[in-house]
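Multiple structures are listed underneath, in C-alpha cells.
Two complexes, one shared chain (chain A), two partners (chain B, chain C).
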Partner chain A sequence: MTIHDVIVLIGLSLFLGWVTRKGQRKNLLLLGSSLVFYWLQPSLPLRYLSFWLPTATFFLVILSWVCTSSYQQRWERETIQTAGFMTLIILMVGLTRYLGLGNLFATLYPPRLLRVVVFLLVTLGVIAILLRKETFSNAALWGLFSFFLLLFVILKTPYFAQMASRMWRYVVDQAPGLARAEDIKWLGFSYLTFRILHTIRDRIKGRLSESSLKEYLIYTLFFPAISAGPIDRIGHFLRELPEDQRSFEKDIIQGGRRLVIGLFKKFVVADTLSMIALGPENVSQIQSTGGAWILLYAFTLQIFFDFSGYTDMAIGLARFMNISLPENFNKPYRRQNLTQFWNNWHMTLTKWIRSYFFYPLTRALRSKGTFSVFGVLLITQISTMMLIGLWHGVSLGFVIWGLWHGIGLLVQNRWSTFFKSRLSKLELPSKLDPWLGGVGTFLTFHYVALGWVWFVTPHLSQGWEVMMWLLGVVS
Partner chain B sequence: MMSDIKWWRLLLKTMILFAIFNFILTPLLMDGIEKISIYNRVVPGRLRFPFGEDPNRSYNLSLFSLDASFASHVVSDPGGPSDAYRVFVFGDSSLWGTLLRPEETLVGQLNALDLETENGSPIRFFNLGYPTLSLTKDLMLLEKGLEYEPDLIVWLVTLESFPQHKQYTSPIVSHNYRAVRELILEYDLDLDPDHEEFIKPGYWDSTLIGQRRNLADIFRLQVYGIMWGITRIDQHYPESYEPAQRDLDPDPSFYQWEEGEMETSDLAYSILKKADQVAEDVPILIVNEPILISRGANSDIRYNFYYPIWAYDQYRRDMQNLSSRLDWNYVDLWDLVLEDEFTNSAIHLTPRGESILAEEVSEGILDLLNSSMPVEE
Partner chain C sequence: MTDNLISTLEDFITTEFLKQPDRELKPDQALISSGLINSLSLVDLALFVEDTYGVQIDDTELNAETFDTLAELASLIKSRNQE
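Let's look at the complex of A and B:
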C-alpha cells in the first residue's frame, strides 16, 4: 500500500465512520469493503484476473457462509438482499469497462459484461443449490477446509503458482511461456483464508457464532485489515459491529493517534530502514562482519516497524468506523525469552495457529500416549513453527526459519524447566532480576534477528554466507 | 476528557508551529543543513560525487545540492596525510566512471600509481567528475572545489561539453541558478545569466515545503551512506551493456552545424579562458580526453556517434591554437586509446583504457609539477 492508498482509505474510513452513525451501517461497510477490494487489488499481467480475483473472493466467502450457516438463516430475507447487493456491486464494477471509468479502478479492466453475467448466473445457481441443502456434514466442511488449504498452497508455492499462471494464460489466450510465479497476486488471500478456515473449523466444532451473510462478508472483507491483518475472530468482530455509544469525536482522536503512529512507523521508520536492510540483492555485497550486523539489525527493526505500522493503521482506520480490532504486537523485541516473543509477535496469527493446530495436535499426540512429553513438544513446537513459516510462502528458507524458531522454543522450554527450580534454590538477590532479564532480552532479540537471515535469503547458500559473515568466520 | 480539547487552539498552535518551521527556520537553516553529513565521520567519504537513478541498487542518487555533494565526498575529509599534494580532477561521465568501480576510474588508477612530488609529498587525486557534459557545470564545481584547497587542477574536456546551448541543460546547472549566475556575473562569462533553462528559485522555494525534495534527497544520501560504507558500491553494474555504436549514420552534421558553419563563438571556449581567473593561483592542466575512433560504416564521415570528423578536427585545432596563444597547460590525448577499450559510449573507457590514460596523464602532471615547483635553495 502506498501513502496515496492510505490517504484515500483514511478519507473513506472517516466518511464511513460519520455516515454509518446515521444508519445503514452494515450496508455501507459492506459496500466500502467490497469496492476497496477491487480498488486495492494489484494490477496483474494476466488478462482480466485483477477483476476475477476479487470477484472470486466474494463468491468464496458466500460459499463458506452458506456451508457454515444454519438453514433458517440462509432463507432469511436479508440473505437474498445481501446476495442481490453483491451481485449489483460486481455488475457495477463490470460495467466500468463501458462507462469510461477506467480511472476509478485503475488497476483492473473487467471482461465483457456477458462473461460477468454468465459467471454470476453460474455462481448464483451453485449457491441456490447449496442453499437448499439442510445441513452440511463434517466431511463436506472438511472438504471445503481442504479446498481453501489447497488454494493457499497453490498460491504460495512458486512451482504451482507458475503453473496456475500458465493455465490462465491458455484460457485467456496469452503467451504461456511468459508465465511467472509472481503473476498471481491475490489481495488479502492469506488473511481471508485464515478467517474463513476459522469459521469452518468452529462450525465443525459447533461453536461458531451465528452471523448473517452480510455480517460474514463484512467480517471477512473488512478493508482496514485486508492486506496485513490483524486476524480477528468472528465472535469478537460481531460484538464490535453494532455501533456503540462512543462518540465520533472520541473515535477520531483515538483512531487518529493510532493512525499517526502507524504512518510514522511504516512510512518514516520502516521505509528508511528498508534502504539499508538485509535483502536478497545485498547479501553478496557484504564485505565485513560489522556491515553484516548493520544490515541484519536494520531488517530486524524494519520488519517490525513495517508490520506493526500497518497494524496500527488498520486499528486506527477501524476505530474511525467504531470498530476495535485486536492488537497484533506488544513490544515483542523486549521479551525475555522466545515463548514470550511469540506471545507478542503477530499475536492474532499465533493465537490462531495455537487454537487450530498446536493444541489439537498436542491433545491428539497425548491421547495416543505413544510419545513422551519431550516427544510431543518436539513434534508440536517444530511443526507449528514450520507451519507459520510456510504460511509466508512455500520455500526452503521459510521452512528453515520455522525450524529455527521451533528448535529455539524447544530448547528454551527445556532450559526453563531444567534451570527454573535450580535457580530458585540458589535464592539469588532480587537486584539481579533486571540484569538476568536484560540478558534474556539480548539473547532472545539476537536469536530472532539471526532467524530473519533464513526468512530474507531466497537460497540456502546465501543464508549460510550471511551467517558466516555475522559470525566472523569469513573475512 | 476528549471534549475538553479546544479544537481552535490546537489548530492555531499547529499553524503557528508550521509557520515557524516553514517560513523562518528552514530558510535560515537550510545552508547549514546541506553541510551536515555522516560521510567522512561515521562512514567513509564517497570517492566520486553522488549520482544515480537507481538508488535501490546503486545506493546512490542524483541531487542538486552542491554543499551536500561535496560534504559526502572524500575531498572534504579533514583527515588524510597533511603533506599530501592534492590534485582535483574535473570532467564528465568518463571521469566519474560509468560502468567502472571507483578503483578502476582514471582517478582510482592515478592514485594506484602512488605518485610523489619532487620533494617527496604523496600526490592524492580526487575524482570530481560529474556525469553530464557541460563546461559550465565543470567550472561551477571547480569554483566550489577551491574551498577544499587543491594544489593542482586537472580538467578533462571533450567537444560535446562545448556547444553554448549545452551549458545550461545539465540538471545540476539549471538547478543551481544562484551559484551559476554569480559565476557568470563575477567572471563575466559569455553566458546568459537569466537563460530560460535555469530553475529560478523564489522565496517559496526556500521554505520547508519548497525544500522538501532537497531535504529528502539529502536525508536519503545520508542513509545510503551506510550502504556505501558497508558495500563500497556506488553504481549499479549491469551484467551486460549496449556497446557504443561503431557503424555510424552517414550524417556529417554536428548539432545544427554543417561543415564550415560552426564558429568559434558557438563553442564555450570563453569558459576555459576564464578558468585561470577562477582558479586564482592553482595551476590547471587541461586534457582533451580520448574518444572512440570508429572503424565501422561511415567512419570516413564521423569518428563516432558524437562527432563528425570535420567538427572534431576543427575543435582540436582551436584548442591547440588557444592553448599556445594563452599559454595553457594542455594535453591532447584524443586518439590515445584504441577502439576496443571503449564501453557503452564514445568517451567511456574500460579499466584498461583508464589505465593507459592514467599513465599518460600522470606524465603530464609530473611534467607540470617539475616545471612549476619552487626550487629549494
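Let's look at the complex of A and C:
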C-alpha cells in the first residue's frame, strides 16, 4: 500500500466516521468497503481478472453466509435488499468501462457488461437455490471449508498459481506461455479466508454468532483490515457495529494518534530500514560478519515496524468509524522466551491457529493418551509453526522458518518445565530476576532474528550463506 | 462449593503443571496471560475440567479472555453446570 492509498483511506474513514453517525451506518460501511476492494485490487496482467477477483470475493462471502446462517435469517427482507445492493455495486463498477471513469478504477478495466450480467444471473440463481435449503449438513460445511483451503493452497503455491494463470489465459485468449506464478494477486484473500473459515467452523460447532448478510459482509470486507489484518472474531466485530453516541471528536483524537504512530512506523522507520535490511538482492554483497548482522538487525526491526505500523493504521482508521479492532502486537521483541514472543507477535493470527488447529490437535492426541508429552509437543508445535510458515507462501524457506520456530518452542517448553521446579527450590535472590529476564530477552530476540534469515531468502543456498556469515564461518 | 472448586483446580495446576505441590495460587492470580501455564497445559486443564465436572470448554475459549484466574474458571464451571 502506498502513502497515496493511505491518504485516500484516511479521507474515506473520516468521511464515513462523520456521516455514519447521522444514520445508514451499515449501508455506508458496506458501500465503502466494497468500493475499496475494487479500488485497491492490484492491476494484473491477466485480462479482466482485476475486476473478477473482487467480484468473486463478494460472491464467496455471500455463499459462506448462506451456508452458515439460519433459515429464518436468510429469508428476512434485509437479505434481499443487501443482495440487491451488492448486485448494484457490481453493475455500477462494471459500467465504469463505458462511463469514462478510467482514472477512478484505473486498474480494473471491467469486461463487457453482458458478461457481468450473465455472471450475476448465474450467481444469484445459485444463491436463490441454496437459500431454499433448510439447513446445511456438517459434511457440506466441511466441504466449503475444504474448498477455501484448496483455493488458498492454489494461490500460495507457485506451481499451482502459475497453472491457474495459464488456464485463465486460455479462457481470455492471452498467451499461455507467458503465465507466471505472480500473475494472480487476490486482494485480501489471505485474511478473508481466515475470517470465513472461522465462521464455518464455529457454525459446525454451533457457536457462531447470528449475523445478517449485511453484517457478515461488513465483517469480512471491512477495509482497514483488508491487507494486513488484524483478524477479528465475528462476535466481537458485531458488538462494534451498532451506532452509539460516542463523540466523533474523541474518535478523531484517539484514531489520529494511532494513525500517526502507524504512519511513522511504516513510512519513516520501516521504509528507511528497508534500504539496508537483509533481502534476496543484497545477500551476495555481504562481506563481513558484522555487515551480515547489521543487515539482519535492520530486517528484524523493519518487519516489526512495517507490520505493526499497518496494524496501527488499521486500528486508527477503524477508530474513526467508531470500531475497535483487536491488537496484533504487544512488544514482541521484549519478551523473555519464545512462547511469550508468539503470544505477542501477530496475535490475532496465532490465536486463530491455536483455536482451530493447535488446540483441537493437542486435545485429540492427549485424549487418546498414546503419546507422551514430548511426542504431543513435537507433533503439535512443529506442525503448527510450519502451518504458520506455509500461510506466508508455499516455499522451502517458509517451511524451514516454521520448523525453526517449532523446534525453538519445543526446546524452550522442555527447558522451562525441567528447570521450573528446580529453580524454585534454589530460592535465588529476587534481584537476579531482571538479569535472568534480560538474558532471556537477548536470547529470544536473537533466535527470532536468525529465524528471519530463512523467511527472507527465497533460496536455501542463500539462507545458508547468510547463516555462515552471521556465525563467522565464512571470512 | 466455590472454595472447594478453586482448591481442586489449584491442586491440579500446582501438582501437574508447575510441579510444585506446595505452591499457593491466589484465586485472582493470572494464569494464562502471565505465562504460568502453557498452551499444552491449558488443553490438559480443559480435559480435566470436562472429565471432572462434565463441563464443555471449546477450543476457542482456551484463552485469557474467557478465563485467566482460578476464580474465573470456577465461575465458568459453575455457570455451565447450572445451564
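The definition used in the following text is that the second predicted complex is superposed on the first by the 475 of 475 C-alpha atoms of A that agree within 3 Å, B and C clash if a C-alpha of one lies under 4 Å from a C-alpha of the other, contacts with A are read in each partner's own complex, and residues count from 1 in each chain.
Here is the rule we use: a contact is a pair of C-beta atoms (placed from the backbone, for glycine too) under 8 Å apart; a residue touches a chain by one contact, two chains touch by 3 or more.
Just so it is clear, the model here is predicted, and its values are computed rather than measured.
In the three-chain model built by superposing on chain A, chain B fits alongside chain C with no clash.
Of the two partner chains, chain C is the only one touched by A:Q340; chain B is not. Contacts of A:I129 after superposition: neither chain B nor chain C is touched. Of the two partner chains, neither chain B nor chain C is touched by A:L396. When the shared chain is aligned, chain C comes close enough to touch A:S355, but chain B does not. One geometric descriptor of the composite model is the angle centred on chain A: between the Cα centres of chain B and chain C it reads 130 degrees, in steps of 10.
Within the superposed three-chain arrangement, the count of touched residues of chain A is higher for C, of the candidates chain B and chain C.
Legend: residue contacts after superposition of the two complexes on their common chain; A:L178 is shown touching neither chain B nor chain C. By the document's definition of touching, of the two partners only chain B reaches A:S288; chain C does not. In the composite built from the two structures, the nearest CA pair linking chain B and chain C is 29 Å apart. Looking at the complex, you find that chain A touches chain C at residues 202, 205, 207, 337, 339-340, 343, 351, 354-356, 358-360, 362-363, 366-367, 373, 376-377, 380, 413, 417, 420-421, 424.
Here chain B touches chain A in the complex through residues 2-3, 5, 55-57, 220, 223-224, 226-227, 229-233, going by the rule given at the top. Interface residues of chain A facing chain B in the complex, by the touch rule stated above, are 247, 249-250, 253, 272, 275-276, 281-282, 285-288, 290-291, 294-295.
For chain C in complex with chain A, the residues that touch the partner chain are 18-20, 23, 35, 38-40, 42-44, 46-47, 58-60, 62-63.
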